[in-house]
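So, here come the structures, one by one.
Both complexes shown next keep chain A, but they swap its partner, so chain B is in the first and chain C is in the second.
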Partner chain A sequence: MRYLLRRLSHALFLLAGVSILAFLFTALAPGTYFDEMRLNPQIAPETVTALRAQYGFDKPLPVRYASWLRSVIHGEMGFSFAYNGPVAPLLLVRARNTLLLTITATLLAWGIALPLGVWSADRLGRLPDRLLSWATAGLLVIPDLAVALGLLVLAVRSGWFPTGGMASVDFETLSPFNKLRDLALHMILPVTALVLSSLPLLVRHVRAAVADVLNAPFLLAAVGHGIRKRTLLYRYALPAAANPLISLFGFSIGVLLSGSLLIEVVMSWPGLGPLLLEAVLARDLYVVVGGILGSTLFLVGGNLLADLLLYWADPRIRTESGAR
Partner chain B sequence: MRVRRTFAKWLVVLGVLHGMVVCAGFFAPYDPVEQDRQSPYLPPMRLHLLDAHGHLHVRPFVYPLRLRESSFDQFEEDTTEPHPVKFFLRGARYRLLGFLPLRMHFFGGENTRIYLLGTDAYGRDQFSRLLFGGQVSLFAGLLGAGVTLFIGWSIGAVAGYYGGWRDSLLMRVAELFLALPWLYLLFALRAFLPLAVSPLEAFFLITAVLGAVGWARPARLVRGVVLSAKERDFVRAARGFGASNGYLLRRHILPETSSVLLTQAAILIPQYVLAEMTLSFLGLGVPEPVPSWGNLLSGLQQYSVLVSYWWMYLPALAMVPFFLGYLGLASSFEERGAVYKIESRIWGM
Partner chain C sequence: MRSIVLLLLFVFVGHQAIAFPQEKIGKEELLVLPGEVGRAGGRLVVSLRGEPKTLNPLIAADARSREVIGVMQADLVHINRATQQTEPALAKSWKISPDGLSYTIVLRRGLKFSDGQPLDADDVLFTFRVYLDENVHAPQRDLLMVGGKPITVRKVDEHTVVFQLAKTYGVGERLFDGLAILPRHLLEKRYEEGKLGQIGSLATAADQWAGLGPFRLKEYVAGQRLVLERNPYYWKSDAQGGRLPYLDELVFLFVPNADAQVLKFQSGETDMISQVGAENFSVLSKQQHGYTMVDAGPGLEYNFLFFNLNDSIEKTSPDIQRKQKWFREVNFRQAVSAAVDREAIVRLVYQGRGAALWGLVAPGNRRWGNEKLPHPARSLDRARTLLKEAGFSWSNGPDGGSTLLDSDGKSVEFSILTSSTNADRAKMAALIQDDLKQLGMRVQVVPLESRSLLDRVTQSRDYDACIMGIASYDADANSDISVWLSSGGLHLWSPSQAHPATSWEAEIDRLIEEQMSARTFEQRKKLYDRAQEILAENQPMIFLASPNILAGAKNSIGNFHPAVLEPYVLWNVEQLYLKNGMENATR
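What follows is the complex of A and B.
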């Protein structure tokens, strides 16, 4: 229990640190959203000054940070100048879409990587394993951007999948089943891109971890007892190899998040990525801070989940002495 | 022995690729910003050895492209007359390595222009732009990685050697940087820097941002090496003989970190090239007309380009050999007995 509490407080500390860091960056920024307004001759300078005062831009940084914290507690997370409303509802919708994409991709990538890695480890050094190693190396060196754009080119030229957005134009008129189908069709491309970009490393790690265990004496003994191959691999070897893989799981969420930022923009998926890009270009400060914080929350949440899984899977951690 | 040979092999591959990019002026047939307004979005030309009559030519040649009848964007080869590819011929002025004024190009056409990867919206040669774009992207990657390694190395050395409150403070901050998804962090930093800048300023801005983002991981690795190195017997002996901190660091401890630094470099450089690509692709990096690998691809953000001009995608594939080279180099470093896994570091992106 103390282990979990420690991980939780660690996560909170990280979030607080990231928010302070983000605010420090804003202090270094030359120019704000209002500078563009100042150039507009139709807006009186007094109006701009009044606006700046209204949003607290004439106050020092700590005061601004405090008032931002207050608005976080009120569930607003600051104010978006471009959207003229509180940030939190904006972020919530986008974060939901991003989560939908990344969770699907994470599950799918692991669902493919585990059996493939185990299969490959079982045939270590033989032809199928070598072929797979070459394939993963090949995928590894193709940049995410190239994968995403290549899929888009393919989709556009073949016309098999919808190529942008999250829903068809007539989405509102569809029956619930068709709505689901429409959503799934739109998810195919971005999810494929995400899975392809994360799959090679996952497969390689699973293979390495399982191959490490396969030589262990207890597995030789199990072979000697005549236990079936599949039981051997999945019931005996995989749990023994699980520890590094669980840590990797937490990590993979972060990587998928970074990857999804780019892929969302390329495939115009209405997630956090495009929102953040727009906000950067418009200098919509609180949206940027909110977007960064949201993504950090996902990442920290993913690591926390991995810690939980580790706690559940590894008795050594439960008996504090083995805890880091 | 075998390991050393694969290492040398990858080094040669990378050397050749980088050589081509460094001498872009020579290998590229045209100036990267030279426009051919008559032929926007020309598809790639094919190099032939067999002509339309079935005759074999020793010298490769191309057929010029012409518009297909009753079409406004479909091209076909005009097979009446082959145009041979000439080597080492005079063409556009350029400066080799930035100072040597030359006019000789590796290849080109005499009466026709040869577009190996097609042309873009302004009729600029994509092949030339790819080579020149490599100069920007690869140099940004190298410089950014250098900055990162320097920052990470100094911080790691200080944290590891002096320990105490410095160590805890620096490592807490490092954890903070590691907690952020790196692309978001990159965005955040870029967000608060000026947007409309000249290409050169943009280049240094990006390099600085890249350099500032990734220091946490090398810092932690260097710290680990320094921590173990400072307890080694020969270091303690040297300290016993009255060696100063500066001498110990310089002479005994920091040389131990060299293999970590080299491996990190092999991982960071392609990662940063990729980061520069991403930023430029999204319009936050090096602006037109200067080519970079990112903004070569940014045309693909338009649906019409994606539908009609598939060859605009080709530059994305041309980068793969570079990444392959760096991956090979990194894994041969690993085989040489580095103690940690390369791949988990790549994960840290």
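What follows is the complex of A and C.
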């Protein structure tokens, strides 16, 4: 319990720090949202100045930070100049789409990586293992962007998949089953791109971790007892190799909100990616800060979860902190 | 050939003649449009590069919002995007008083907003009261200030309003284009509460929003699409009396970038595409199946190079002040202009789909260009002579290349800023870098993210030279007014001056001010021509090239006639239709 409290307070400090830094850096970036209006010949400079004042841009940074903090407490997360409304609802709708994509991709990636890694570790150094190593190395060096673009080319050439987006135009008129089918069809390409980009790393980590424990004396003893291979690998070897994997899993959760931004932009997925990219370019700064804060929240949450899982999975950590 | 031209002219005049008689259907005075009669029904899907931000014309600042608002709202007098001339819209007719100061506008009778509520003079009064209210901060307010004073509006009867100007205004009735007439019944309460700026978000319920445009709000899905449906009360009909628009639905899909737009169009998920880049255009043209790509000719965008001519303020570094000695030299700017190979820019940047440019008025503008403006071919000799006259000289470097030296013997080196998100301008910069190298100038190209670029040019003014582009929103001369006037924010080489810095800038100011209040087109054109000549002599902006407007549509779309004015393909959206038997199958 004390452990949990300590971790939570750390997380809070981290969030506060990140929010201040994010605020500072976005405010320091040259140019403001209103600069482009200055280039609009139909808008007089006085109007732009009045708008700046209306949004509090003439006030010093700490004052703006304080008023932003107030709006965070009210659940608004600040104000979007471009959308002329609070940031929170903008982020929420799109975060939902992003999470749909990333959670699916993460589960799928882990679901493939675990058996593949264990399988490969079991055949350490033999041909199938070597082939898999090369394959993962190959995937690792191909940039995500190339994978995504390649898949898009496939979609255009073959006509099997929609070229990006999340739903067909007539989505609302479809039956529930067809809606699900339509959504799944739209998800295939971005999920594939995401899985392909995270898979190699996961497989390699699982393989390394499991291979490490396979030579441990207790496993040799288990082999000696004639325990079945499957049981041996999944019941005994995997839990013993779990520690680094749990940390890695925490990291996977941490990047749920931010890991797919590039893929989303390339594949027109209506998630946080396109919104944040546009907000950064337009200097819609509270949207940017909101996005940064959201992904920090996930990063901190993911790490916290990983620590808790470790605490539960590894008796050594429990006794260590319990002794204090 | 001549007879064909004459014939075309004749057909055109014939159309004009039947364009304006008012046909009465019931009590409504509908506007009858000439042109191909289409077929009712169907859905058209187009993509937008990013999401529109608002449906509220009072706060819309971005191009996407304006495009969407454009098909949901209507104005009193409209500029026909094809002919670039004004034509009646909500106003059945208008009359300008002999002194040019009052405009009497007669509204069509029996018109209704898209929610079925009637339109009358009070809506017009309300609209202009809102636009002119300082507390609303509507961008439209600045358009309605003539001679420094707001236009006043008076109601004569239910269908007649009079606009009173403080000063004659050369733009005339073009002024009313794009000024959406707002539904008083929906907005008045919010206006009195001072909350007009907060309404009209995309999430607005469909029954809480109305306009006079061909389409009305149906559904918005955040981050994905905006679905509009046919406005059953729309006030135009086709030549056979069928009420427009033809389409039942218009869908805007949001995609993050131009390439995604191309992919969607190529795979048949969208029906039309506009603002296509030259490279994408040639790719799409190569494999046209089921669609046709159209080159509508040069548009109103002009790209130009300019030097930092700002008066030395304390912020300017000594380094820039030293370089400004060259930049201020007319010969130097003329030499740069003579050395730039504009044809190469058109060929290499726009793949031939563009026009070389020597003046501010782009060739897409039919009426305002000065034909007498010289179009000198590229000449390095002329450039060298000009530089020599101004006291520049050359030294031969050890590597055989020569370096241009100023009168103090310093080598001429400067940097050109470009926007990193605009590949076309980055290419222009690279070509110019090479052109100027042949004069012995050493030029660096610095790509900057666009906001940072704007900040450097208009705020900190810490730069040597820069390449930018501006797209006029209207063919009228006044749309570029803030470029011309030395007090203007777009007078980029030295913006927002308190007093004109040079005598030629003062002269341009005078000419432009004068043409603003001149009454006839001929008077205005004469003054404007002179201003163009002065600009060309002094070269504060070195004009480069103007891209063509490139668009495409499925062959099943009827009445597809892209224009060079915004909105390029949706300007006649009420007349677009799906051809017989080619109903777009849902994918």
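Quick note on the criterion: the second predicted complex is superposed on the first by the 303 of 324 C-alpha atoms of A that agree within 3 Å, B and C clash if a C-alpha of one lies under 4 Å from a C-alpha of the other, contacts with A are read in each partner's own complex, and residues count from 1 in each chain.
Note that a contact is a pair of C-beta atoms (placed from the backbone, for glycine too) under 8 Å apart; a residue touches a chain by one contact, two chains touch by 3 or more.
Not measured: the values here are computed from a predicted model.
**Student:** Determine, for the superposed arrangement built on chain A, whether chain B and chain C clash or fit.
**Tutor:** Taken together on chain A, chain C would clash with chain B, as the superposition shows.
**Student:** So, A:Thr26: does it touch chain B (first), chain C (second), both, or neither?
**Tutor:** first
**Student:** Counting only touches as set out at the top, which of chain B and chain C does A:Leu152 meet: first, second, both, neither?
**Tutor:** In the superposition, A:Leu152 contacts both chain B and chain C.
**Student:** Which of the two partners, first being chain B and second being chain C, lies in contact with A:Ser252: first, second, both, or neither?
**Tutor:** first
**Student:** On the A-aligned overlay, A:Pro162 touches which partner chain: chain B = first, chain C = second, or both, or neither?
**Tutor:** After superposition on chain A, A:Pro162 lies in contact with chain C alone.
**Student:** First (chain B), second (chain C), both or neither: which does A:Pro270 touch?
**Tutor:** After superposing on A, A:Pro270 lies in contact with chain C but is clear of chain B.
**Student:** Tell me the contact category for A:Arg94 with respect to chain B and chain C: first, second, both or neither.
**Tutor:** second
**Student:** Superposing on chain A puts chain B and chain C in one frame; which of 145-153, 163-171 or 199-207 is the clashing stretch?
**Tutor:** Clashing stretch of chain B against chain C: 199-207.
**Student:** For chain A, give the residues common to its interface with chain B and its interface with chain C.
**Tutor:** 29-31, 152, 156, 163-164, 265-266, 277, 281, 283.
**Student:** Across the complex, what residues on chain A touch chain B?
**Tutor:** 14, 17-18, 21-22, 25-26, 28-31, 137, 140-146, 149-150, 152-153, 156-157, 163-164, 201, 204-205, 208, 248, 251-252, 254-255, 257-259, 261-262, 265-266, 276-277, 279-281, 283, 288, 291-292, 295-296, 298-300
**Student:** How about chain A: which of its residues touch chain C in the complex?
**Tutor:** 29-32, 35-45, 47, 50-51, 54, 82-85, 89-90, 93-94, 97, 152, 155-156, 159, 162-170, 172, 264-266, 268, 270-271, 273-275, 277-278, 281-283
**Student:** Per the contact definition, I'd like the list of chain C residues that touch chain A in the complex.
**Tutor:** On the chain C side, the touching residues are 43, 45, 50-51, 53-54, 56, 59, 61-62, 134, 137, 139-143, 145, 197-198, 201, 203, 219, 221-225, 227, 251, 253-257, 260, 263-264, 266-267, 269, 421, 449-452, 454-456, 458-460, 470, 473, 479-483, 488-490, 496, 586-587.
**Student:** Which bits of chain B are touching chain A when the two form their complex?
**Tutor:** These residues of chain B touch chain A: 172, 175-176, 179-185, 187-195, 274, 277-278, 281-284, 297, 300-301, 303, 306-307, 310, 313, 316-317, 319-320, 323-324, 327, 341, 343-344, 346-349.
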